[in-house]
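To keep things simple, chains are lettered A, B, C, D and E as they appear, and every chain counts its residues starting from 1.
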Amino acid sequence: MGRYVIRRVLQFIPTVLGTMFLLHYLTSLGIQLTGNPVRALFGDRTPTPAMMAALSERLNLNDPCLTQTGNPCIGLFGDRLVNIAQWDFGISLSGQREVTDIIGAALPYTVRIALIAFVFEAVVGVLAGVLAGLRSGGFIDYFVKISTTLIIAVPIFVLGIVIREFVAVKFGNQLRADPNFPEIISRGFLAAGYKPEYPWASLVIPGLVLGATSLAVTARLTRTSMVENVRADYVRTARAKGLLPRRITGVHTLRNSLIPVVTSLGVDLGVLMGGAVVTETIFNVPGIGRVAAQSARTGDASVVIGIVTLAALIFLVANLLVDILYAVLDPRIRYE
Amino acid sequence: MTDAPNKIGEVVLETHGLRKHYPLTQGIVFKKQVGAVRAVDGVDIQLRRGETLGVVGESGCGKSTLARLLVGLEAPTEGTIMLKGKDLSTVSHRDMRAVRRNIQMVMQDPYTSLNPRMTVGDIIGEPFDIHPEVVPKKGRMTRVRELIDLVGLNADHINRYPHQFSGGQRQRIGIARALALNPEIIICDEPVSALDVSIQAQVVNLLERLQEEFGLAYVFIAHDLSVVRHIADRVAVMYLGKVIETGNEDEIYEHTTHPYSQALLSAVPVPDPSLRGRRTQIILEGDVPSPANPPSGCRFRTRCWKAQEICALEEPPLTVRPGSDHPSACHFAEEKEVIGAVS
Amino acid sequence: MSDLLPSATADQPALQGPTSESTGTSGGNASLWSDARKQLIRNPIFVLSSLYILVVGSMAIFPTLWTDQDPRDCLISRSRQPPQDGHPFGFNILGCDYYSHAIYGAQPSLSIAIGATVGIVLIGGILGLLAGYYGGWADTIISRVVDIFLSLPFLLGALVFLTVVKVQNILTITMVLVILGWTTIARVMRGAVLSAKNLDYVLAARSLGAGNVRIMLRHILPNAVAPVTVLATIALGSFVAAEATLTFLGVGLQPPEESWGIMITDHQVYFLEAPWLLIFPTTLLIGTVLSFILMGDALRDALDPKMR
Amino acid sequence: ACSSSSETPTPGTTNGGTGAATGAQGGDLRIYASEPAFLLPTAGDDEPSILVIRQLYRGLVKYNAETGEAEMDLAESIESSDQKNWTVKLKPGYTFENGEPVNSDAFIRAWNYAAYSPNAQNNAYFMSRIAGIDDMTSSDPDGDGPKTAPEPKAKELSGLKKVSDTEFTVELSEPFAAFPVTMGYSGFFPMADACIKDTKVCNETPIGNGPYKIDGKWEHNVGVTLVRSDTWKGDEKGMADKLSYKIYADVDAGYAAYQAGEIDVMYTIPPARYKEAKAQYGDLMYEAPGDSFTYVGLPLYRDEYKDKRVRQALSLAIDRQPIIDAVFDGRFTAATGFVAPTFEGFRPDVCKYCKQDVAKAKQLLQEAGGWKSGKMTLWANAGAGHEKWLQAVGDQIKAALGIDYDIRVNLQFPEYLATADAKKFTGPFRLGWGPDYPVIETYLKPLYGTGASSNNSTYANPDFDKLITEGDSAANVEEAIAKYQAAEDILGEDIPVIPMWFSKTAALYSSNVDKFVWNKISDAEYGKITLKQK
Amino acid sequence: MTTETSVKSPSTARFLSQLDMTAPPLEVRNLHVLFHTTSGKAHAVNGMNFVLDQGETRAILGESGSGKSVTAQAIMGILDSPPAEITHGEILYRGVDLLKLSDEDRRRVRANHIAMIFQDALSALNPVFTVGFQLGELYRKHRGMSRQASKAKAVELLDMVKIPAAKQRVNDFPHQFSGGMRQRVMIAMALALEPEILIADEPTTALDVTVQAQVMDLLSELQREHNMSLILITHDMGVVADVADSISVMYAGRVVEDAPVGDIYARPAHPYTKALLESIPRVDLKGQQLSVIKGLPPVLTNIPPGCAFHPRCRFAQDNCKVPPEPPHYDVDVNRIAACHYWREVIDS
C-alpha cells in the first residue's frame, strides 16, 4: 500500500509540473500577445513609464522574455517554481496582494459550497440512482432519467439566474414578509447570495445549483451501475442465502455498485472545487471561482495561475485519493 | 490445395528448448526485473506431416503460450522453432510472411475469435488481403466460397455476420480462415472446449476429415483428455511449462508412467456407471504451484505421492526409462493402469 | 463424413435471427450497428431527437429556408418589442428581428459544437488509439498529457485559454473546447483499445500476418467506435451549452456574431421585462442539447447488449 | 433637493443632499460595494476604493453635498497670490485613529509617498503638478523595460515645504488656479506615520482620520465594516453607527440582494434593470445627472478622419437618445458638449453636431469628398458590454451615410489601452472619461491637449492649448472657467471625438433609509445617510 | 438490525408444522417458466417433472440452454421476475408448494432447507467481502449469532471443506483463492445451515479434471455425511455416471427421459439421450466413431411443434412433427421417456 501511494505520488509530479508549465506558458503568451497587464490598471490615464516600470517590477512582469511572442520564458518558470516551492505565488495585479492570501481568503467559501454541493450530489444522486436502478423501466427510473437529462441540458448559468430570481428573491421575499417565519430559512437559505451572517445556510442554494449537474451525472452512473449489479451472480447467491431483500440491496448490491460511483464522486469533488466559476459569480460567493473569473478577465496572471494550479492540484489529489480508495473498496485491485 | 499425401511423413515442426518467460517487474522509475513467469520452460516437441500432436495439461500450464509461440504471435525467450528444417529466428522479416502462411491457428473461443463487425466473407478473405500473392484478386470470391463450402457451411451466407451463426458454425468459420493460406500445420488451441457436447463432435469430425484430405498436421491443444485421445496420434502432457511425458496415444493412455499423467487420466470421469466405485481415482492434493516460482527439482513433487528427496534436488530429464518405451520426466517412472482400472 | 451435408442445411434455424446463445456471451455483440439501427428506429425518443436535430441543423445550414429577413437589419426604435405579426419572436435590444436571429444563431452554435466534437474525436481518438495500441513510452507520455489537461477545470481552463488567444471567434472557441475536451475521448478510446487489442480475433489477424495499421483500422477501431460515438453525442450537446456559458463569462463569441449563447447572455437580464428574449433562444438551445443527449443515451442503450 | 433630480421627494424620505443632518444617529447601513483595490488614499483611485476611503479619511477640502462647491475641511485656508505658490494652513486638533496628529507632516508624507515612483501608487498622477515631481520618477534609460529601474533622484518633492505643524507651502510646476478645488480628491488625504511605515497593514486595517474607523479588518471580496470613530473632531459626524460595505462581484447579484432586502444603499443599478427598478422602486430611487463621459474617439492619425467635415458628418448621423433608451433604458444624458452637466461652467448645446441631422450629415460628407475607405471598423474593449450600443451607432451611420461597418470588440482592456497608446485604432473607438477634480478643465486638457496623456485621438490645436494655459493661470476660478469654455467651443466645432453621453446617477435605497444623501461631486455620502430608527 | 432467528420464532414453527416429513424432499410437477424478451416469449422450461428422494442424487442433464439452471433457480425462488414468469406448476418441498408460500417463508426455506451452489464460483461470491464475512453472514442473519461466533463457525466450515490454514484464509477475499478452493467455499456456504436439499448447478464445469475430482469427491463425501438429497446439474455424462442415482435428461426445457443411472447408459430410450452418448469421445475407448447430432438446439421463442427434438432426430416420423408433444411413456418402473418410438430407440 505504501509503495503504491509513493508510486502514485511520484507519478503525479510530472503531471503537476506539466500543468503548471502549461498555465505559465499560457499566461506568458497572454502577456506577450496582449501586452503588459499593468497598463490596464491605469485605465484611461496613460501612466508614466516610470510608474509602469515600478509596477511591472513589483509584479514580476518586467522579464524581457515577456515581450518576445512565443518565448516559453523557461527562466521565469524556474523562478516561479522556486517561489511556489516557498509558498509564494506572487502578488496580484489589482490590489497587489499576496496570491496566497487571496486564495487563502477565498478557499474556505469554495470548500463550503463544494462540500454542500458534494453532499447534495452524493446523497440525492446516489439515492435517486439506486431507486431508479432497482426498478429499471419503472416510473422512478423514467422520472430520474428525464429530470437528470433536463438538468444536464440546461446551461448552469440559466439555471442559476432563474433560481436566484425566482426562488431566492421572489419566493424568498414572500417568506420574509412574514415576520414569524424562521429567519434562518427566509434570510439564510433563501438569501440572494452569500451572507456572512449565515455562513452555511446562505450557501445551500448556490451549493445545490453547483451540484445539480454532477448530481445528474451521479444519479445516472449509480443507476447504470445498479442495473448491472442487480443481475450479478453474487446477488443471486445472496438471495439463495435467504437474506432479506433489504440486506441484499443495501449490503451486497450497493457496495459493489458504489465502487464506480465513489470514483466519479471523488473526481467530482476536485471538479467542484475548481468549477464554481459560474455559480459563485451568480450567487456572489467570494470563493476562488469568482476570484478566478474576475482575475482572468483583468489579466491578473499570477492569481489565475495560482488558482488554477490549486484547482489542478486539488483535482489530482482527489484523483489520487480516489485511486487509493478504489483499491480499498475493491479488494480485487492490487497495488502492483 | 495441392497434393494430399495421406501418410504421416517427415518432421515439419520442431522445437528445441523453447522457453517463454514473462518478466515480473517492480520499481518506480527504473523498472527492474524481479522474476519471471515461466509460462513455457524448455519444451521440445516434434510434429510430422499429417499427424496430430495432442497437448494436454491443466489450466495455466502454458499450453496457449506454446501455441502463440508456434504461430509467431510471441517471440521465444530462448530456444528455437524449426519449420521444415528452417530455424525461424534466422528467417528474415520478409521471408517470415511466406513462412507464416504454412502455420495457422484455430482459437478456443468461437465467440471472441471472429471480428463481430466483419462478414464471414471478409473474415475468410482477410488472409488474401494480407497475402495478396496467394490468390489473384479475381479468384478470391470463388476461393472464399470454396472454403465456406469445404467446412460445411452454406456459401450463400457469405455476407452474414458471425453473431448470426451458432458456436459450432463459428468455429468452422475460424477453421476456414486458417485453411485459406493452404497451411501444412494448424495449431488448434482448445478448438472444441467452448462448444456444447452435441456440437463438439461436428467440429472434431470436420478437423479429422480435413486432415485426411489435405495431409494437415495439427497441434491439438486441449484439457479434455477424451477428445485428445480421440483425435491425437501422439500426445505431450504438460505440467508447469514443461512436457513431462510424451508418446503415442496408446503409450500415454494405456501405459502412462508419470505420476502426474496417471493422476490426470484417473481423474477423467468415464461415462459408464458400471465402473462406478470400482475405478481407482488418484485424488491430488493441493493446487498447481505458481509458474513464477516453480518448485525446485521435479515440479510435480509438491503434489506427488511418490516424491522423495531426490525429486527436490534433481530435475528429472524427459527420457525413455527402463521398463517403458516412451519418454517421461520422472525419477520413479513406472507404468500403471489408470483408465477404467478396476480395483 | 456424411454429417457435413445435413449440418449445412441445419444452418437455417440459426439464421432466423440472433440466436439465443449470442446474447449471453462476451463475444462483442456483433451486428451491433444493424441491430442498433433497428432498435433506434423503433425508439420514439430517438426519432424525435433526430427530427429536432434535423430541424436545427437545417437552420444552421440553410437559414434562408426558414427566414428571408436579414438579422442585421435593425431599427433601434423597435427595440425589445414583443412578438407580433411577421415577427414571431419579437425584436431584440437593437431592434433586430429576433426570429431571424434565432435562425442565424443556430449556425455558430452548431458549428462550434460539431467542430469541437469532430476535433475531440479525431485528436482524442488518434491519441487514445496510439496510447492503447503501442503502450510503453507512447502510452506513458500520452497518459501524462491527458492527466495534465484533465486536471484543468473546464470553465477555468477555457477562461484562461480564451483570454490568452485574444480572438474569440468560432475557430478559437472550437479549439479551446477541443483542447479541454479531447481527454475524455482519449481515455475511453485507450480503454477500448486496451480491451480490444488482446481479443482473440485480433490475435487471429496477427497470426495471419496482419500489420499494425491493418489491425488498428480493421479490427480495433471499429470495435472502439461504439463507446466513442456515444460519448461524442453527449459531448456535442454539452458543447452547445458550453458556448453559451463561455459567452456568459465574457469569453465567448463576440458580436456582431449572433449565436444562441450571445442571445441568451445578452437578454438574460431582461427576463422579467421581456421574457421572450430569453425564452426563445434558451428553448432552442435546451432542445438541442437535450436531443443530443437523448440521442447519445438511446445509442448507448442500443449499442450495449447488456441494456437490452 | 438636488436641482436636476426629476423626482419629487416622497414624504418621509428627504431626497438629495440637504447639508444639515436632520435624522437621528444609529443603525447599520448595508451598502452595496465592489471589491476596492486599495484602502490607502495614495493608492485607491477606483470608485469602490474611494467610496470607503472617503469615510475613513478626510482631506483639506470637502465638497458641499448640495452645491458641489469646495469648502475647507481640515484646512483653515489655502491661498496663493500667483496660482503657483500656495500656502496651506491647517485647523489644529485633528488626530488619526492611532493618536498621531493630522499636521503638515501628515500631508507632506502622504504626497511624497504617492509621488515616489518606486512606491507605484496609483495616485502619483495627481501629484504631477507639484514642483519636483520629475526627480521622484526614474525614467527608462533604454525604453523597453530594464531589469530594474534606477533609483529616482529625490525621495521628496521639492515643492513641498513644511512651515510649522499647521502650515506648509506647495509650489506647482505651472500656475493652476483650481488647485484648492482639487484638494478634495481622496488622493490628497493625509496619512499617519505608522501607516506609511507599514502600508501593507495599513491597507488592510486603515488608520484613518475621518468620521468612521474600520471594524476588524478588510475582509477581501466579502466586505468592509466601518463604525463611527470617537476621535473625529469635525462637525459632520457619521450618522449610521455602522457602515457595512458588502462586496459583490457582479452588479446583477447585488441587485438581487437589494431586491431580497439585504442591501440598504446601492450606488448603481445594472443597466438593463433600470426600467424595472424604476417601476418597482421608483420612490426609493435617487436620480441625478452624473459626470462620467462616454465618447467615440476618432483616430485623427488616419487620413479618412483628418477632414473635420467627415467627423461632423459622423456625429450628425447618430441619434443618441434612442440608443440610450433602447440599450440603457434611458440611463444616460445625451451629450451636447464635452463637459458634464453637473459641473460649474457647463453649457448646453456646445456641440453643434451632436443632434442627429441626416441631411446635413450627408451634405457635409459630400463636401468632404464622400467616404472612400470601405468598411468602417468600430472598436471597443471586450467584456464590458459596449458592443450593443456600438452596433447601434454603426447601424445609424450605415443608415444615414451608407458606410458599412464592422466592429472589433475582442480586445481585453490592457491590450485595448495599449492599442490606444500605440495609436493603432483603425476606426472610431469607444472610450470613457471620469473627472479627477470638479473643474471643467478635467474634461479638456487631458483629453484634447496636444500630446496630453489621454489624448487618444491625437488632436492638436494650438488655439485650444493656449486657452487652457490661460485658464490654468487665471487669477480665480471664474476667469479660468471662461477660458476653458472658450476652449470647449473649439472642440464643438472640430469634433475630435464624437461625444455620446454622460452618465446619470441612479441609486437605490431601501425603505429602512430615512434620509438619502448624494454628493454632487463625490457621489454617495454614506456617512450622512440616516436610517429609520425602530 | 433485525436478526432472524429461524429456530424458535413462532412463524418458523408454523412453517415447520406444515411440512409432511413422509413426502419426498422435493417434487417438481409440470413446471413452466418463460422469459419475456424483446424477441418474444422464450419458453425456457416447459413442463418439468421429477421427484427427488431422501438421500438421492439426481442428475439433471442437458446441453446448454436446455433450462437446467432456470429450473434450479425456480426451485430456489431466485428467478428475476420480470423477465421470468412461472406460468404453471408446483414445486413441493415435503409436500408444501413453495410457489404458494409467503415471501417470508420462501426466504426461510433458502439456505435453511434448500441450498444451492453455482457454476462460476468467482462471480457467485461477492468480490468485495471476505470469505469469512460471507460465510458468517448466514449464521448472523439466520441464527442470530454474534460476529465472533459466526467467524468461528466460518473457520469450521472452511475446515470442513478442507481448506488448509482456514483460520488465516477466512479473512481473504474470493479472488485470493484458486478455482477449486472457491468452489469449496461455495460448498461450505451451501452446507452452512445444514439444508436437506442441495442443488449444485454445474459445480465443476469451470475446473480442471484433477480439481474436479477433488471437488466431486468432497461433495459426495459431505452429501453422505449430512444425508442430503442432491440435485446435480451438469452436461458432463462422465460426472453423472460417477455420482448420480437417477437422471433427468432435459431437452428444450422438458424432461425427455428420466431413469436410474445404469439403465440410461446401457439402453437409452430417447433418441436425444442416445445421440448424446454416441457423440462424446471416451477416454477409455480408443478410436471410437463419433456420431453427430445434426442441426442446432431449438430457439426457445420458436420451439418446433410436437416433439421439440424432431428436426434433429433420425427416428422422427410425421406424428412427431405435430402437436401434442409426446407424452411420458413408462418404459419401466421408475423409468420414463418422452418419445413415441422409445421401443425402437431402446432396441437399436
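Operating definition for what follows: contacts are C-beta pairs under 8 Å (C-beta built on N, C-alpha and C of every residue); 3 or more make two chains touch, one makes a residue touch a chain.
Keep in mind the model is a prediction, meaning the values are calculated, not measured.
Under the touch definition stated at the top, chain A and chain B share these contacting partners: C, E. Note on interfaces A-D and A-C: more C-beta pairs are in contact across A-D.
The geometric centre of chain B is 47 Å away from that of chain C, both derived from CA atoms.
Per-chain CA centroids place chain B at a distance of 90 Å from chain D. Chain A and chain E have Cα centroids lying 53 Å from one another. Counting partner chains per residue, chain A shows two or more touched chains at residues 33-34, 161, 165, 281, 293, 297, 299. Shown for chain C are the residues in touch with two or more other chains, namely 3, 7, 14, 18-19, 21, 163, 166, 250-251, 272. Across the assembly, chain E contributes residues 64, 291-292, 296 that each touch 2 or more other chains. By the touch rule above, chain B contacts chain C in their complex via residues 68, 71-73, 96-97, 100-101, 104-105, 107-109, 111-118, 126-127, 129-131, 152-154, 157, 160-169, 174, 177, 181, 201-202, 205-206, 209.
Residues 12, 14-15, 18-19, 22-23, 26-27, 29-30, 33-34, 145, 149-150, 152-158, 161-162, 165, 227-228, 270-271, 274-275, 277-278, 281, 289, 292-293, 296-297, 299, 304, 307-308, 311-313, 315-316, 319 of chain A touch chain C in their complex.
For chain C in complex with chain D, the residues that touch the partner chain are 74-77, 79-80, 93-95, 163, 166-169, 250-251, 254-256, 266, 269-270, 272-273. The part of chain B that touches chain E in the complex is made up of residues 58-59, 166, 168, 196-202, 204-205, 223, 225-227, 229-231, 249-250, 253, 263-276, 281, 283-284, 286-287, 339-340. Within the complex formed with chain B, the residues of chain E that make contact are 63-64, 164, 178-181, 208-214, 216-217, 235-244, 261-262, 265-266, 275-277, 279-284, 286-288, 290-293, 296-297.
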